[in-house]
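Input: structures, listed below.
Both complexes shown next keep chain A, but they swap its partner, so chain B is in the first and chain C is in the second.
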Partner chain A sequence: MATSLDASEAKVAEHKRPDRPTAMEHATPWLFVLPSVLLLLAVGLYPIGYTFVISFHNWTLGQAEPSFTALSNYVEVLTDGAFLDAVSRTMLLLAITLPIQLALGLGIALLLHTHFNKWLRTILQVVLVIPIAITPAVLGLLVQVMFDNQFGIINHALASIGIQGVNWLGDTTAAYTTVCIAQIWQWTPFAALVISASLATVPSEIEEAALLETSRWWPRFRRVLLPYLWPGITAVLVFQTAFVIKQFGMVYSIQKGGPGSATQLVMLEIERTAFRGFDIGAAAAQSILMLVLSILLAQTYIKLFYREAA
Partner chain B sequence: MTAIKYSALAIAALATATTANTAQAWSLEEAAKPYEGTTITVVGLERPSYDAAQRLTSQFEKKTGINVEWTTFPYESSLKAQTLNFVSRSQQFDLILTDVVWPVTFVESGWVQPLSHFTNDEELVNPDLDLDDFVDIWRAAFSVDGELYGLPFDSYSGLLYYNKKMLKEAGFDGPPETWAELKDVYGPKLTDRDAGQYAFALQSAKGETQTADSFTRMLWPFGARYFDADAEEMTLTSDAAKRGIQYREDLAQYMPDGIVADNHSQVVQAMGQGRVAMITEWSAFYTTLKDSKIGDDLGIAVEPKGPDGRYSAFGGFAYMVSAQVPEARQDAGWLFAQWLTSKRMARPLIREGAVVARESANSDPEIQEEFPYLEPMLETWKTSSVPDWRPQLRCYPKFSELVSDWGTRIQLGDVSVDEGLQGMDKRLQRYMDQTDCWDTVNQPRKYMDAM
Partner chain C sequence: MANEKLLKLLHGLAVVLILGIILFPPYWMVAASLKTESQLFAIPPHWLWDTTLQGYIDAFQQSPILSALWNSVWVTGAAVGLGLLVGAPAAYGISRYNFPGRKQIWFWYVTHWMLVPVVILIPFYLLAVNLGMINNPWILVLVYQVFVVPLVVWLMVDQFRSVPPVLEEAALLDGLSRFGVFVRISLPLVKPGIVVAGILAGIFAWNNLIYAFILTPAQGARTAPTIALSYLGGYKVPWTQVMASATLISAPVILGGIAVHKYMARGLTMGAVK
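On to the complex of A and B.
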C-alpha cells in the first residue's frame, strides 16, 4: 500500500515538474547574490577601478580638472625618494615583525593546545582578542603615553632596574623600534588565534598514535602537527602583510610618521601626497603600486607555503 | 591699480558710514533681522583664540538670533577639511578659515567672496568696521590682486620667549639681540645636557611646522629667499640660504635631543617646565606660557636679528565667506565675522586669550600693561614682518610638503646642508615649472605700498 502511494506521489510530482527550469528558477540564485555583488562592486571594485583611472591623470585637488598624463604619475612616484623610502620602511617593518609574530603566535598556540584545560584555553583565547580589538588610534595614544621620554612607564621600569631611559619617540631608531613593538604586540594574538584554530583540526587519534611512536616533541611537531598548520600559517602571512602595508592609524597617532620621516610608512606617505600636497593623481599611482605589491606577496606566500594536510 | 582698489574700498566704506549716519544708525540687531534663525557653521582651530571666540559667541547669538556652530580642527587637518568641503561642494562651512598661505588657493578657485561683496551693501556693513584699523601687513596678507578677501583673526607674530630667571642665573640681563649672539654666547652658558637643560628649542616637526617655523625662519634673517618670481627661478642654493640653514644645524647642539619631532605644543611645554631657556614661538602661545610653571619669569622680546636684518616669523588667519553657500548664509556669516573681528570685540577677545590684528586694541596702553606680548608683537608687525614670509602660491600645499621633506632630511643628517638645499631647489624648480605655479605667485608686499 505504502509503495503504491509513494509511486503515485512521485508520478504526480513528476507530472507537475516542468521539463526545463523556468527563467525565474534560473534567476533565483543570482537574485539572492545580486545585492552582495552590487555592494561589492560599489564599495570594492568601483573605487579600485576609479583609482586606477585617476592614476593616469594629473589631478591636483581644487586646482584644475583631471587631465590625462599617461604614465607620468608612475614615473614620478617611482623616482620619488620619499615614496621609495616609505616603501622600504614598510617592507623592513614587515621583515622584522612578521617572523617574530609568527614565532610568538606559534608558541602561544602550542601552549594553549597542550598545557591548558579547555576552560582556561577559552578564557586565554578571549584575552588574546583584546589587543586586536583596540582601535588603532587608541593604541597609538597608549603607546605614546607608555613610551613617553619623561613620564612613560617603560622608561620608569627601565630606570627601576638601573637602565637609562630611551628617547623612544624622539630618536629615529627608537621611534621605529617602538612602532615594531606596538605592531608585534597588537597582531601576535591574531597569529596565535589562527594557528590555534589550525591545531584544533588535528585529529586527536593521530596525535595519540604519534605519541605512541615517539616521545620526542620535534618529530611529532614536524611530521604530524605542521602539515595541518600550513594553511593557517599562509593565512597569517597574507593577512599580516596586508595589516603592515595598510598600517596607518596607530603609527599616525604615535608620532605622525616622525620624528622626521623615521616612521613614515607607505600609507602615511600616500595620505600626505593626497591630502597635504593634494596631488591625487600621484597618490592614486602610489596606491595602485601598493595594491600590486600586496597581490604579488600574497601569491608568493600561497605558492611557497600553502599545502593541505594529506 | 592696487592703490585705486584700496581707495575705492575705503571710499565705499566711508560713503556707507556717512549714509548710515544721515539716514538711520546701523545696528547689528537690525542688520541681522532677515537672517534670524539661520544657522552658520564656522571653522576654528584647537588654539586659544578660538576657545576665546567660542566663549563669546553667545553674545552674538543673543543679539541676532543667528545660530553659530563651531567646527574645530587641529591645524594639520584644517586645510584638508576645507578643501574637501569646497571640492565636494558640500556647503558644510559658511565661514572659512584661511592661513596666510592659502588665500591664493581659495580665491583663484572661486571658493570665497571678496569683502567688497559685503562692504558695498550698506545694510550689512557696520559703519564702525574701519578696515584701516587692521595692521597694514594683515590687510596685505589676505589680499589677492589688490582685493581684500579676509577679516584677520588669530593673528601671530614670531616672538622670542625667554625665562628671565634662567638667563639671570647664567649672568644675562636680557635676551640676545642677534641670532649669532644666541648661539655663540647664550647657547653654551645655558645648556647643560646632563641636567636636561637647554638654551633653545626650535619646533621642527615635519609638515608646516618644519617649513615655516624651522626652515623659513632661518632663511630671511640670513638674506635668503625661496625664489625669484620674476625670473621664475628657485634661489635655495644661494650662499645666504646655506648660511641660514647651516646656522640652524649648528644651533641644534643647544637644543633638546629629538627636536626634529617637536611641534609647537611640545616646545611650549618644554619651556613651561623650565627645561628650555628660550624659544621663538607664535604670540598665540603667550597665555599657555604665562599659565605654566615659569609664570612671572616669562620674558618676551622681538625675535633676534640676522646678518640681513630682523625678519620675524609671520603667520595667522582670517575669516573668509564661502561663495558656495546660499546668499542668506553668506550674509549671516559675514555679520558674524564682522562682529568677531570688530574693534569693539578686540579687547574682550584679548582678555579671553585670543590674539587679534586690531591696532587700536593692541596699542592700548592699558591692555598692553595686562598683556606684555602685545607691544613686541605690534612692533614686529610694523618693523620686521613681511606678508609673504612664506610664499603665497596656489600650489603652496605641495610646495610646503617638498620643503618640509628636504628640510627634515637635512635636520636628521640624512643629507648635508649643501646636498639638501640642492635637492630641495631642484625638486621645487621642477614642480613649479611643471605646474602653473609661477603664474599664481601673489606678492602682497607690493600692496603695502598702497596703504
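On to the complex of A and C.
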C-alpha cells in the first residue's frame, strides 16, 4: 500500500513551486478534504466513541437510565458462553475458509495468467465478479433452495454418486458446512481477482529469464512469482477477515443462525444482544471487543507477510 | 508438442469447470423464478419446462417488492451521490497537494472497511429513536457513508493522479481558481472513474442488510434485501415468489458488477493491488 503513495509523493514534490506558499494555499488542500473528514468523523469515529462509552454502562433499552458500571459489561461478555461461542464459530469459519480461498484463488489466478485461450480467459474474468456482487441475503435464500434436504439439487446430485440424504440444513455440522461452502463460493473469486492482479505486476522479462534458467515449475513459482504475490495475499487475508467478521446477511437469511445456534456468528450474536435482548451495554462491549480483534488480526497479517515482501 | 496440447485441454477443462460452479447457482435462481412451485421442487429436477411468469406476478401483487426496490434505488442513489459529492474533492486534494497529515488521512479511510457494523449501528439506532427517524430511509443514506466515502476517495485518488498536472497549470495561469480547475478541468477528465466508483459503492449500499434491517424495519420503509427476508416469517414460504424477488434484487448488482469487473479487485482492496 505504501509504495504507490511514495511514488505519487515524488510526483507531487516535482510540481511544488519554489516560492513559499501563502496562507491561503496552505488552507486549500484542507478545503477539499474537510467535508469528507467531517462526514466520516460524524458517522464513523463519533459513533465508535459513543459505543465505547456505552460499553462501560449498564443500559437496558426501554428501562432505567444508563448507569456507570466500569468493566462489568466486559466481564459479563467474556464469561458469557454464548458470545465466546459465537466468536469461536466465526474464527473457525475464518480458519476453514481462508486457506481454501487462498489456494483456490491462487489456482484460478494462475489459470488466468496462462494465455492459452484468450476467449475463455476473458469470460472467466467477467464471471468472477458475479458471486462478489450478488446480494448476500439473496444468496442465503438460494442456499435454502439448493441445499434443501428433500428437494434440493445438491442432494439430488449427491444421490447420483451414491451419497444419500445429507441433512444440510437440519444437522448442526452440516449446516455449518453449508455456511462454509457459501462463504467460499462468494469470496474465492475475490481472492482470485486480487492475486491475479498481483501476478500481472510480474515483469514478463523476469518470467522469461526464469524459464531459461529452469523448466521446473515449483522453483520458478517460489522464487520468481511468489515475491510479487505477498502484497496481494496480505490484502486477501486482511479483507477476507473483515468479510467473515462482518458476515451477517447471508447467514441470517439461511436460517437466522440456526439450527439451534449452530451458525450463530458473532454479528448475529451482537445483533441479538442489542436488538432482541435490549442489553445495549453488553452489545457495546461485544462490538468494541470485535473491533479490537479485527484490528489486531489485520496488524498481524501485515507484520507477518509484508516483512516477507520487503 | 502433444504435451502442450494436453495442457491446453486441461486448462480449458479447468476454466469450464470453474465457470460452471460459479454460474450454476445464479442460473438455478433465475430458473426457479420461472417455474411453478411443483416444478421447483421436482425430483428429478426439470431441465426443460414451460416457463411461467407467475412467480413475478405473485411477487408484484402480494408482496411490497416494488416499493422495496424503489426504496433501494433512491437510498443507494442518494448515498452514492452524497459520497461522490464529498469524496471526489477529497480525492483531488489528496492527489494534488502535499500537506502534513495527508498520508495519515489517506490510510484512515481504509480502516473504515475493517469496522464491525454494529459498532456504529448501536449509536445510530439510539439517535434514530431519539429523533423519531426510525423507518426514515434518509438515516440509511447517512450511515452508508461510512463505507461509500472511503471507497470513492480511494478509487478517485487513482483517477486524479492520471490527469497530467500540466493541463491544470495552464488553466491556473489563465486565471482559473484552484476550485475552478477542479470543477472545470479535472472532474470532466475523470468522468469514467466517477462512474466506476459510483457503481462499486452502489453495489455495497444496495446489498447492505444489517443497517436497513435495524434502522428501517417497517413495511413501507424496507429496502430490497430486507424484503427478501420477510418471506421467511410465514408458515409456508412461497418459493417461486421468493426466487422471483431474489432475481429482481440481485439483477442490478450483478449487472453493475459486470460493468466494473476490471476495477473490482482494486476497488475492494482500496488500491492495495494494481
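In this text, the second predicted complex is superposed on the first by the 279 of 310 C-alpha atoms of A that agree within 3 Å, B and C clash if a C-alpha of one lies under 4 Å from a C-alpha of the other, contacts with A are read in each partner's own complex, and residues count from 1 in each chain.
Going forward, a residue touches a chain if its C-beta (ideal position, glycine included) is under 8 Å from a C-beta of that chain, and two chains touch if they have at least 3 such contacts.
These numbers were taken from a predicted model, which means no experiment stands behind them.
*Asks:* Should A:276 be classified as contacting the first partner (chain B), the second (chain C), both, or neither?
*Replies:* In the superposition, A:276 touches chain B alone.
*Asks:* Considering only touches as defined above, state whether A:66 meets chain B (first), chain C (second), both or neither.
*Replies:* A:66 contacts neither chain B nor chain C.
*Asks:* Let me test your reading of the model: by the given contact rule, A:108 touches which partner, first (chain B), second (chain C), both or neither?
*Replies:* So A:108 only meets chain C here.
*Asks:* Compare chain B and chain C by how many residues of chain A each one touches, and report the one with more.
*Replies:* In the superposed model, C touches more residues of chain A.
*Asks:* Counting only touches as set out at the top, which of chain B and chain C does A:227 meet: first, second, both, neither?
*Replies:* A:227 contacts neither chain B nor chain C.
*Asks:* Figure out whether A:138 sits in contact with chain B (first) or chain C (second), or with both, or with neither.
*Replies:* Touch partner of A:138: chain C, not chain B.
*Asks:* For A:253 in the superposed arrangement: first (chain B), second (chain C), both or neither?
*Replies:* In the superposed model, A:253 contacts chain C only, not chain B.
*Asks:* Who does A:167 touch here: chain B (first), chain C (second), both, or neither?
*Replies:* So A:167 only meets chain B here.
*Asks:* In the superposed view, which residues of chain A touch chain B and also chain C?
*Replies:* Of chain A, residues 275 contact chain B in one complex and chain C in the other.
*Asks:* Chain C touches which residues of chain A in the complex?
*Replies:* 1, 4-5, 8-9, 11-13, 15-16, 26, 28-33, 35-37, 39-40, 43-44, 46-48, 50-51, 54, 108, 111, 114, 116-117, 120-121, 123-139, 141-142, 145-146, 148, 150-151, 153, 156, 185, 189-190, 193-194, 196-198, 200-201, 231-232, 234-235, 238-239, 242, 245-246, 248-249, 252-253, 267, 270-271, 274-275, 280, 283-284, 286-288, 290-291, 294-295, 298
*Asks:* In the complex of these two chains, what residues of chain B are touching chain A?
*Replies:* Per the stated touch rule, the residues are 76, 79-80, 83-84, 86-87, 105, 109, 111, 205-207, 256-262, 394-395, 397-398, 400-402, 405, 408-409, 411-412, 414, 435.
*Asks:* Please output the residues of chain C touching chain A within their complex, sorted ascending.
*Replies:* For chain C paired with chain A, touching residues are 7-8, 11-12, 14-16, 18-19, 21-23, 25-26, 28-29, 32, 40-45, 85-87, 89-90, 92-99, 102-103, 105-110, 112-126, 142-143, 145-146, 149-150, 153, 161, 165, 169, 178-179, 182, 203, 206-210, 213-214, 224-226, 228-229, 232, 239, 242-243, 246, 249-250, 253-254, 256-258, 260-261, 264-266, 268-274.
*Asks:* What part of chain A is in contact with chain B in the complex they form?
*Replies:* So the residues of chain A in touch with chain B come to 60-63, 82, 149, 167, 169-172, 175, 255-262, 264, 272-273, 275-279.
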